[in-house]
Amino acid sequence: MNKVDVAKSSWNVLREIFEESVPFHKSLGIKVINLEMGEPKLSVDMQDKFVGNFVRGNLHGGVISCLLDVIGGIVAFVDVVNRRDITTSDAKIEQFSKMGTIDIRVDYLRPGFGSKFIASGFVLRTGNKVAVTRMELHNDDNLLIAVGTGAYVVG
Amino acid sequence: MNKVDVAKSSWNVLREIFEESVPFHKSLGIKVINLEMGEPKLSVDMQDKFVGNFVRGNLHGGVISCLLDVIGGIVAFVDVVNRRDITTSDAKIEQFSKMGTIDIRVDYLRPGFGSKFIASGFVLRTGNKVAVTRMELHNDDNLLIAVGTGAYVVG
Amino acid sequence: MNKVDVAKSSWNVLREIFEESVPFHKSLGIKVINLEMGEPKLSVDMQDKFVGNFVRGNLHGGVISCLLDVIGGIVAFVDVVNRRDITTSDAKIEQFSKMGTIDIRVDYLRPGFGSKFIASGFVLRTGNKVAVTRMELHNDDNLLIAVGTGAYVVG
Amino acid sequence: MNKVDVAKSSWNVLREIFEESVPFHKSLGIKVINLEMGEPKLSVDMQDKFVGNFVRGNLHGGVISCLLDVIGGIVAFVDVVNRRDITTSDAKIEQFSKMGTIDIRVDYLRPGFGSKFIASGFVLRTGNKVAVTRMELHNDDNLLIAVGTGAYVVG
């Protein structure tokens, strides 16, 4: 494979790791999309077990904060990988293992109604030690449910 | 029942709601302890599906932020109920339905290793509109895994 | 005066209050711009007394967090005033006196070098009780120095 | 001087730097106390220019966030210095120059009334790269005005 193919193939490996090898992601049914495009997003289908308010039937805040934390980490990771031109799966996995969340803030804006939710984000700044990201969660009507800010050690 | 018995019985009703009627709590196996003592805590047993880092086997950050958000809300709720002397189950449930998380911050201090985790918290200030709480997550060796701060609408 | 003139005039009164009647704003030399346009911003000229790092000469983090807190509050205030169609100076002042910061998060992205700084922001969501805003601080080269998120009681 | 004297003398040098050489600290009249005890605190006297609400006369939120950011940084710094046994003034100054605030959260609990304010804090966790601190601001009646949490690069 040439370098572009290696990079593309390595994103497929990473996506499978994020979706299948992280038990809590698999438990929530998180799908990682657009990873190889440099604009990673998460997609989850609403499930009965995600409900917080059993009268109203909306998404539990804990699912929201989880999705925002995860997308923030992946967005920071993709930014570092692209900046440092890390191409192979092994090198990407090694980089990922060095990263970790320092802290996040989550702002709950609206009740999480919907049949599907999309988490997205972008990097505000990546330094040698720390990346700062902003994250958003939309439902399938493109309504903004929650936002977040995260700081991540970049390794 | 006299007033004390009503209050005690109402806490049992509430605990069952928190544990059994909130689907995401039930899915995580959250147990609510010391609710009637005015010092509510959450207890969860480690499960395979909670793992974030499949190499190291530690608790996923999303589970951590969820537990801290939930205990913050319960701590704020108990404080409001006690301040306003809300005794019956129905009145407590109505009060709970009016509350909601405005925002939380979570600081991840150490990898979440352990077979059991305890989330606790306390109220910094309850006003007419907003309560502010601090939360902590310890493992079964009493090691501090994460802390949080939350702001909640008190209804 | 007709209603439009009253509203315009009332913004002039408010701007003078923000700049002249709030002692700490006056002490920092904060100028409020675009208030009547619905897109308020703060402008401050760098001053010797604002320096944090005396070797490097950059803006102190405390000035940064102050500017972000202030612009967040003003952005929330303008949004509430426009939504509720509050036109006179007196009604605006009364509304302002009911508002207050619940909490803010500030992310320091780059050292605050520059001869002038502009703080801007926008509302993510205004409810009946709480408004959530995002804020940014740029220097005169339009470099993003810091961002923030704030929750405000809207009265 | 023996090692203990060197360390004690170096704290005096540092305190003078914090109070006199950081222009914004000097402008606010910040006094650093208990630095050599390993329990640093800030003390500031109320001043007319610190007022936020000119009707009520309370401390501006920007002064509050500034004091909490500063004490968080100093608390993190003292912890690192003690852990790494950094004794001379020059080594301490070099360490301080490597540190910086990643982000802070400030929760405003009560209006800042008082003639004097004390900012204190403690370290939740110091790692190789990041320290996390909690901070508090009390007035001279020992009333808790505000709390904060900060993440700092430790160099």
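Order as written gives the chain letters A, B, C and D; numbering starts at 1 within each chain.
In the analysis below, a contact is a pair of C-beta atoms (placed from the backbone, for glycine too) under 8 Å apart; a residue touches a chain by one contact, two chains touch by 3 or more.
Source: prediction; values computed, not measured.
Set against the Cα centre of subunit B, the chain with the most distant centre is C.
Here subunit A and subunit D face each other with the same set of residues for the most part; over half of the interface numbers are shared between them.
When the CA atoms of subunit B are superposed on subunit C, the rotation angle comes to 180 degrees (nearest 5). The distance from the centre of subunit A to the centre of subunit D, with each centre set as the mean of the Cα atoms, comes to 35 Å.
Averaged Cα coordinates give subunit A a centre that lies 32 Å from the centre of subunit C. Subunit A and subunit B have centres, each the mean of its CA atoms, that are 25 Å apart. In subunit A, the residues that touch at least two other chains are 102-103, 105, 107, 132, 149, 151.
Chain contacts here are complete: no pair of chains fails to touch. Interface residues of subunit B, counted against subunit C in their complex, comprise 102-103, 105, 129-130, 132, 149, 151, 153. Taken together, the subunit B residues at the contact with subunit D in this complex read 105, 107, 109-110, 124-125, 132, 134, 144, 147, 149, 151.
Every residue of subunit C that touches subunit D in the complex is listed here, in rising order: 21-28, 48-55, 60-63, 65-67, 69-70, 97, 100-108.
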